[in-house]
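One chain, chain A, appears in both complexes that follow, with chain B as partner in the first and chain C in the second.
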Partner chain A sequence: MWLTRAGPPAVAGGSSARAERIGGGAPHRLPVPTVPRAARAARWLRSAEVRHQAWGYLFLAPMFLLLVVFKFIPMIQALYLSLTTYDLLSPPRFVGLRNYMTLLGDPLFHQSVGVTVYYVFGTCGFIWFLSLAMALIFNAPLPGKNLLRTIYFLPAIVPVVVYAVIWQFLFHPYGLLNVALHAVGLPAIHWLTDTRAVMPGFILAALWRFVPYFMIVYLAGLQNIPHEYYEAAAIDGAAGVQAFRYVTLPLLRPTILLVVVVSIILMSKVFTNVLIITGGGPDGATRVLSLFIYQTGFQFFKMGLASAASIFLLLGTMTFTLLQLRLFRDDARG
Partner chain B sequence: MPAGRRQDALYWCGVLLVAGWGLVQLAPILWMISTSLKPLREVFALPIQWVPRPPQWANYPEAWNHFPFARYFANSFIVSASVTVLNVLLAGMAGYSLAKYRYFGQRALFIAVLSTLMLPIEVLMVPTFLIVKSLGWLNTYQGLVIPVVADAFGIFLMRQYLLSLPDSLVEAARIDGAGELGTYFRIVVPLSWPAVLTLAIFTWRETWDAFVWPFIIITDDSLRTVPIGLQRFQEQYVTTYNSVMAISTVAMIPMVLLFFFFQRAFIRGIALSGLKE
Partner chain C sequence: MLRCGRLAAGAVAVLAISFVVGLPRGADVSPAAAAVAGWVLPTGPVTLTEWDGGDGTKSALLRELIADYEKLHPNVKVNFETDVKSLKVAAAIAAGTAPEIFEASDANLQKYIAAKAVEPLPPAAWGQSSVDGVLALYLPHVLDAVTAGHSLYAVPDQLNAHSLYINNRMFRAAGLDPAKGAPKTWDDVARLNKILTKKQGDRVTQKGFEFRYICDDGHWQAHVFHILVYQAGGDVIKDGKPVFNSEAGLKALTTWKSLVVAPAVTSNTCSSPYQDFAVEQDAMTFAGPHVGKIVEQINPAMKGNYTVVPLPQMRPDHPATLIYSFNWTVNARASAAQKRVAWDLIHFMSSKPEMWWQRIQFLQGTRGWLTMPVARNTPFMSAFTHDLSVGRPLGRTTYYADLQTIIARMVDRVILKDVDPKTALAEASDEFTRAISK
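Moving on, here comes the complex of A and B:
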């Protein structure tokens, strides 16, 4: 991947040339103090350095404005709303930290956090290992590799609503999952109505979709490892498991960390399939945080309480994103 | 050599295992397609009939005509195309600014841009909804498009790519009098084609597949996109499995086509999306 190859910004040449231009201008100013201020300002504005800076800002501005309106302002507004009660009809009323107190004492919120953590770590624990194993297999010579890889990858490119619809169908009491269980002599499971079975079902569905997804990320990392390393290791007598232990794993470390963090963040945003398949039931056993926020805000119109819940979700994902940015920086440096 | 033969046998066992598991992975999709071609009373018939005989093709037009799916596809197309064009254009320019210009406050602005990557719509759905509402954009195309364009992943991707592009190329174009816009559009964009294509495919896929945002702001049926239309259809005809599966199969086709035609850019986008999520 070219991203990992991108070196540090190559600015030395350009900026020193500009510095010369600025420096060259300085002694110039002394002999001509009588030039009117306006003319001086006009010349300064025409100077290459200012034009350069202005174009820099101009190129950034449109996107930056959009980010301000649709990311920064909403963020501030979420913080503000979380301190109010607001039902969309009457104006927001300041209540201090009451929403946070309400959430901390709300068993439904506790359940929602618990369900989210269960889902996130239940899926990620499997994803980390299974997708690596799958990537290792596909990194080896295989007959019909392209076809096989496409087949494995198909679940990851299915639209998310189709993914939800397919799995709701699979979870049907007479669906494919129970047919398969029956075929190997196991009793049928009530995937959608049994509070203990529903989350493992969702985890199974997530693995079907996301193991191939993260396999792609791992595969990109594996293909970045130069072949010479394995040849050198082979000369030293390391092959198979040993080569994996002493060559692949250490060199794959940045990718592994990336997958760990990204999968956690991606899973904690789960919404669509839960909404479609169970709507949070049975008994709130699948009411993940984003669904809790949606229901609180858009079904009960408690915008303040929903915002406070968003802040909790944000704190969770932010921790991992910061971690990831940090890791990425280290990666770029090393 | 017996050892070699044993290893060969092991290897082919592994290949068989991989292929077999591939079939398991594929089974849900095959089941969807085969169900879409069955009469309703045979949907759960055992043993499973993978190739329905005769295939009931009429399920497709029947399901398609229950809801205005042509309209939904047109909407999805309009929204995805607009978001992709605008995002690639604006994110590319912003990434270029951050990679090839030097100005006061650049580092702080870049960090500000990066920080928005941790604010997905799932977190900001309430305030973003309120802002779009106050702009009067509920149930409009601009409401579906503009907030989605505001995504920093492209800035980040383009900046990283452009950093690896030699400064001398840009300087040379400027000295040749190409002008700032000319330098960007005629020199930089053609040179960063792989990154532009990756970003375009990635954005298209994300937008085509977006559910949460249109779900929140669209109540007008004539503005629904395919994911929302499919969800509504599924809600209403939940037990008409063959129809639901027929529509799902149709909804899957554009994504599969996109994958086949742009496989490399598609996969590169996913491999890089780690930087986004």
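Moving on, here comes the complex of A and C:
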């Protein structure tokens, strides 16, 4: 029926296109009796396609509602609060961009940004390569591979508080790390009280937890590469490093993009383990941006300033993500 | 020690005499008596909610007291919630959903007073005609931190001054007498550290004394810094401005540095700050009166194995220390009837000092308490009361949370990074000046 009658433009257009494909030429339009607009709309609403779409939206609605209530509204609220001074106890007072200017001139905020960048790139750089290396190892035929994979993956599923407490013990002056250093004749390190050692310690802890996680992501990507490509490459004389360079890497590009983007977002949001293990100390050496935001907002009750810092964090993470998406897209075209 | 002991005994005697001679009317006024004195309670049904920030031991006692009050006043129903963090209180105040009674530390209270979120205490609820009458029921200056202008905003459920706890066994093992050999000055502590600290190779297995470097908010560092600055004759905050970048501040940090043993060698955590003393790693620690019970709970072998003496001083002839408190406050947004009942309930709960001491070793700083048999028979009470009598409150500022983290960072720089104390003081003072201008 829809093929021969003028319906609402979008649906009619789509149907005409189908008719063209079916008939191989322009549709033959029959004289159409005039149907009132309201009746046409009602018929359109009763149509199977619309009902189908409506069900889709209905199923999406709960999650969409959750996103709106717990993500988008708070984000807009944070944006608004970043333009105010607000201590929770008195009503917010509009101050324009003052909070942003304060942060730009605040050495503690600069230190936090520096600490965050150090942590993010110190961690991600290793994660990208180590997890790929581990995935390549676990993708190869190994005896007891599944058991080894499971064992290696365990740190990724340990609750974050447990992970923090485990590393608190490991970082103790007489903990396992220093015992190991002592065993190989190296001096002990004050992991939690030496401002130079504390961040490398955190990076080490993050690798223990996140390399297995991203290894699984890489492993999924590797297992999606059809074996025929390697066979074809072998016929052309490419094996080993060449096969990795010309087959694995190009086909793994979407997975690499995912790992790079997700790891940067995850690492830039680091919070719980830092709060538990050092609380940002010593002397702010581990006060990452999310901890700075937490302390400014929930310890010092400076919600406006904390919101402005969270907007900076959002912009920073978004910029990196867009940059990576752009870089990978350009690379794909090239 | 003798000098300190005499000071302590003197302080107790003066306080006891002042109690006997000048006890104001209504010192131990029951709710019924308070009602006689003009504090009339509503007769219709009243429901209150109380939030407490304390632990399980304390909440058990509070629940019991609330139940007793409800029996006395069948028209009153009190909903009680424990382990409530100050952040939740602040968020509830912001949302207009704060309970009628909530606990506030003296540091947090300054913000609540400034925001008019808490109600001034009505003296009539204590059977008094003026705030001075209520102040007179307490030891001198212990309510300074909860007073603003000429209004009193709270009374403490827990009032602390740090004293020095000594492990008897470890002292005796080093050939020292815990009572006679107790340190009176921080120099004495530094000297004892050399005797009591033990190592196996590079590994520290026992320490004499160590300050605490735990809690991400800088709670302990700020307390110790206040104590040392006060003892050096200085101030931390004056009229809301930082004044710790001074000779006293410098003396405080250099004294602190002289006492460092191995800060990283610790099992203390923010939720268990007395662990090192309880498990007999540290031979001495600083703590309030309630800590004896906590230590005994962690390690039952500590029962009878410790002595408490007044906190060491920089200038024993000018003793000083810090007092801090956790307080009952009433929400300014409660209805008139709820406020009346809330203050009456607080008066009821705070009028049983013997119960608070016997059950959980909490002091509330009332004068009457010192003459009670239970107080007279309490071991080390002279040390606790001495330290309370020379105590001063924390620096008064609505930016205390900023201040304590800034102090903690300053201490980190001096102790862990070996930054010159003068530089660290100047940086911290600038940081605080910036913080209060944000």
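The rule is short, and it goes like this: the second predicted complex is superposed on the first by the 259 of 334 C-alpha atoms of A that agree within 3 Å, B and C clash if a C-alpha of one lies under 4 Å from a C-alpha of the other, contacts with A are read in each partner's own complex, and residues count from 1 in each chain.
The rule is short, and it goes like this: contacts are C-beta pairs under 8 Å (C-beta built on N, C-alpha and C of every residue); 3 or more make two chains touch, one makes a residue touch a chain.
This structure is a prediction, so every number in the text was calculated from the model and none was measured.
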**Request:** Check the residue A:Tyr174 against both partner chains and state whether it touches chain B (first), chain C (second), both, or neither.
**Result:** both
**Message:** Contact-wise, after the overlay, does A:Leu108 reach chain B, chain C, both or neither (first, second, both, neither)?
**Reply:** second
**Request:** Could you look at A:Val259 and tell me whether it touches chain B, chain C, both or neither (first, second, both, neither)?
**Result:** first
**Message:** Quick check on the superposed pair: does A:Gly280 touch chain B, chain C, both, or neither? Answer first, second, both or neither.
**Reply:** second
**Asked** Now for A:Lys269: first (chain B), second (chain C), both, or neither, which partner does it touch?
**Response** first
**Prompt:** Which chain, chain B or chain C, is in touch with more residues of chain A?
**Reply:** B
**Message:** Going by the contact rule set out at the top, does A:Phe298 touch chain B (first), chain C (second), both, or neither?
**Reply:** both
**Message:** In the overlaid three-chain picture, which partner chain does A:Thr195 touch, first (chain B) or second (chain C), both, or neither?
**Reply:** second
**Message:** Show me the chain A residues, by the header's touch rule, that chain B contacts in one structure and chain C contacts in the other.
**Reply:** 172, 174, 298
**Request:** Spell out the part of chain A that touches chain B in their complex, as residue ranges.
**Result:** 1-3, 5-11, 13-15, 18, 51-53, 55-60, 62-64, 66-67, 69-75, 77-78, 81, 137, 142-144, 148, 150-162, 164-170, 172, 174-176, 179, 208, 212-213, 216-217, 219-220, 258-259, 262, 265-266, 269, 271-272, 276, 290, 293-294, 297-298, 303, 306-307, 310, 313-314, 317-318, 321-322, 325, 328
**Request:** Please name which positions on chain B make contact with chain A in the complex.
**Result:** 14-15, 18-19, 22, 25-29, 31-32, 35, 44, 46, 48, 90-91, 93-94, 96-99, 101-104, 106, 109, 112-114, 116-120, 122-131, 146-147, 149-150, 152, 155, 157, 160-161, 163-164, 166-168, 171, 180, 184, 194-195, 205, 208-209, 211-212, 216, 226-227, 230-231, 234, 241, 244-245, 248, 251-252, 255-256, 258-259, 266-268, 270-275, 277
**Touch list for chain C against partner chain A, complex** = 87, 90-91, 93-94, 111-112, 114-115, 117, 202-203, 213, 215-217, 262-265, 399, 401-402, 405, 408-409, 412-413, 416-417, 431, 434-435, 438
**Request:** Would you mind writing out the residues of chain A in touch with chain C in their complex?
**Result:** 87-90, 102, 106, 108, 172-174, 188, 190, 192-195, 275, 278-284, 295, 298-302, 305
